[in-house]
């Protein structure tokens, strides 16, 4: 313990050097804006800026990128809340309640909640990280395909009940998301799969962002334009206000959310550690669990601040958690850490189990900088809230085309493919029509995020066992998770059937 | 078109799409391979089958008029909004088509100008200001700061001096 | 120092850049560097490393990596094919450069039309097992491996990177040569494969050294044999397949390819640029650390190499399909 504190103190000595402090500030700021763009998230930010980091020593380089990672995680919530477009898959769950809050004129409350929850989540997980890094890393290593599948089912289970009134439309939405996730190449047989209409663009899988930007960006904007026209030009977007007094009241209100925030932080941290999982399922599970824990589950999806604080705490906690297997084992816990691993090669470090022993300054400098980056990202975020709110107050006929531009360009940027921009338009137009007919579309977006992790895990497990499903229940970690997932999946279904039976 | 009609038309279109997806999935093995588990096409095939089933469920509800949408005789898109929604859809399609022809930046300029001046009925001066600012800011943020190159079509040579200025090409 | 650093982080470093050697042709805009694989994989890491060398040593203009992993590289190949005559598009290839056009003739991609720039290295393959197996068995030599895998039959799991990939071809060789029946379980990338072995979710792998290195240093995994002509310095204890009596050598190319119909001046420019990268201290260090081999090859030599390798792969794929 004393040894850890001594190492941490050394780490702070590195993190608080002027150069590194400047890098933290710069990283958080750039990250915040990249994260706030619909389409661009921490993966893009880190990948794009990574090759430019060779000018500074490795410890400074990773501090810069980690700050960028953090900034982007904070920023992701901004576009989720303000525009209803998740900036990255990790911020999908934040839209469910963040968006309704913004539409009720409480965008400031949602943004403050997201910022403070991110701070708490990030800080709690850095503390856990500091105290118990190496032992937990072992758990990450034994996690194989069966465990991943069990975890995915758990992520699905906590999302039952997200759908709309019509159960058929909800099922349709989940399935179409999962099928779209199967487009591209079948990894097990290596064959091209679902190359729709013979278009070469379908050689690669459909990026989750394409569906999310299409549905939430284009589709939702068209819907808003229609509603605005119907209401004689009164827009739904520009009711936001902010003042110091309101902000202070919202900050005080955070205390009431402690349960959801704390739960989200812990859950996010542990899920983040597991390779292949990362922040996305973590934030979704946190949302689901917060809903189950809440005394008033029906208020979720209609603007309950707990629905913002739980996933935001979780995704920041998970982004810290995912650095643990990266540093201790050299295996990435998320797509972003996969790129950071590439960075270590550039900086001449050998990622892997020896890193903690050989590169103390690097590792502890990074850990210490996470504390600082968290604090700075919070301050930066709170400072910018009035500016973000001011954007919302623009006339709708100016705001709408600006959002369209962000969607089109932001949709192109991650993959450099015009094909994706066309897909965004198609998904947007169809999504608009489906939305008008009350098809719930959030389940489709979740499904396309979780699908590419679920199917390979299922098939790899069955290959391992020779087609025997027992493999999911006989292993020490997957067995219990599987049972919990099945119970959670079945519960609402049974409840639904009972209710239907009763009402005839 | 009434909402009730739109409901069944959409269900039919989606059912047809589901059948197409099933057919397309069947290009790979959709069965169970001994000792290996499901074939490559099984996952999308059976999920598409469930999509088809859901469409049947939606159609059944429509037939029995058991949901509010299946009973509604209101127009699907009201006359007040139909014009503007259609305008935006057409404008977006044209602009995206122009990305590869006259380049992203010229396309964005036209988009902002048309949207603000025609659809938003702003004064031309305001529309012009936004139409010029948007592509410039987009260029600086995407190409210079985060180094994402957007399509430029025939306008590409115009950008060579700018890249040279920022040291991203030539000498 | 600080000022310089911030400037380059904002991408302005080049503005003060010293002019580099004059050429008949110079890129007029940033050069797109297509990667035939996803973010975070071996090829991706190499390209981002090359990008940093070019920027650091001021060797040339801005290079922008673009990942196009779709269809085992089919997307990247088609993209490059569509860039006919373009002087600002390069691609970093793996062996799917041969196998994907062979397996999907419908793509109508002929690799002989592409412009050969430079082979930067060849990556090697070794056979790996876990040092702390779940069944407690200690596998120290290649013979131990053959005996144990034979006894386990199709319960022996070989993890690799996708059907018909390099790993699959080597697995097929091992299965047919030694009468084994190992089950091949595909994972998404070399890193995931190495992790599956380290976590005892697989019995063996044929990872590139760079992928397994971290676990090797920690003592979690052990190389039993390498598919190289000579022993690899980092794993001096592991014999080559040749020493074990089987003349089997297999490499993965790490090569820079230009769009078809690239102008001769541009091709020369890029060959010079990548020769500079190859000779840089950083790249030599990288080659040593990652156990990369292979001399630089350019122009016609590289094209000959491609044709030879394509025939070898055609034979391997036919054998794999005929099984």
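Just so it is clear, A, B and C label the chains in written order, and each chain counts residues from 1 on its own.
Definition applied: a contact is a pair of C-beta atoms (placed from the backbone, for glycine too) under 8 Å apart; a residue touches a chain by one contact, two chains touch by 3 or more.
Not measured: the values here are computed from a predicted model.
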Response to the item:
Relative to subunit C, the most remote chain by C-alpha centroid is chain B
Worksheet item: Closest chain to the protein CA centroid?
Response: A
Item to complete: Measure off the straight-line distance from the CA centroid of subunit B to the CA centroid of subunit C, and report it in whole Å.
Response: 36
Response to the item:
Per the C-alpha centroid definition, the whole-Å distance linking subunit A and subunit B comes out as 23
Practice prompt. Compute the distance, rounded to whole Å, between the mean C-alpha positions of subunit A and subunit C.
Written response: 31
Practice prompt. Pull out every residue in subunit C that's touching 2 or more other chains.
Written response: 11, 13, 32, 154
Discussion item. Where in subunit B do residues touch at least two different other chains?
Written reply: 35, 145, 147-149
Response to the item:
Within subunit A, the set of residues that touch 2 or more other chains is 49, 188-189, 191, 416, 463, 466
Response to the item:
As the complex stands, subunit B meets subunit A at residues 3, 6-7, 10, 14, 21, 24-25, 27-29, 32-41, 43-44, 47-48, 50-51, 54-55, 57-58, 61, 67, 69, 76-78, 80-81, 84-85, 88-89, 92-93, 95-96, 99-100, 104, 108, 111-112, 115-116, 119-122, 130, 134, 138, 142, 145-151
Discussion item. Going by the contact rule set out above, which residues of subunit A touch subunit B in the complex?
Written reply: 30, 34, 40, 44-45, 48-49, 165-169, 171-172, 175-176, 178-179, 182, 186, 188-189, 191, 193-196, 218, 222, 225-227, 229-230, 395, 397-398, 400-402, 404-405, 408-409, 412-413, 416, 418, 421-422, 425, 428-429, 433-434, 436-438, 455, 458-459, 461-463, 466-467
Worksheet item: Which residues of subunit C touch subunit A in their complex?
Response: 1-2, 4-6, 8-9, 11, 13, 32, 39-40, 44-45, 48-49, 51-52, 55-56, 65-72, 74-75, 78, 103-104, 154-155, 157, 162-165, 168, 183, 185-188, 191-192, 194-196, 198-201, 213-215, 217-218, 220, 285-286, 289
Worksheet item: Where on subunit C does subunit B make contact in their complex?
Response: 10-17, 19-20, 22, 26-32, 61-62, 64, 154
Worksheet entry | Residue numbers on subunit A that touch subunit C, as the complex places them | 19, 22, 26, 43, 47, 49-56, 64, 141-145, 184-185, 187-192, 200, 203-205, 275-276, 329-332, 335, 338-339, 341-343, 345-346, 348, 350-354, 415-416, 456, 460, 463-464, 466
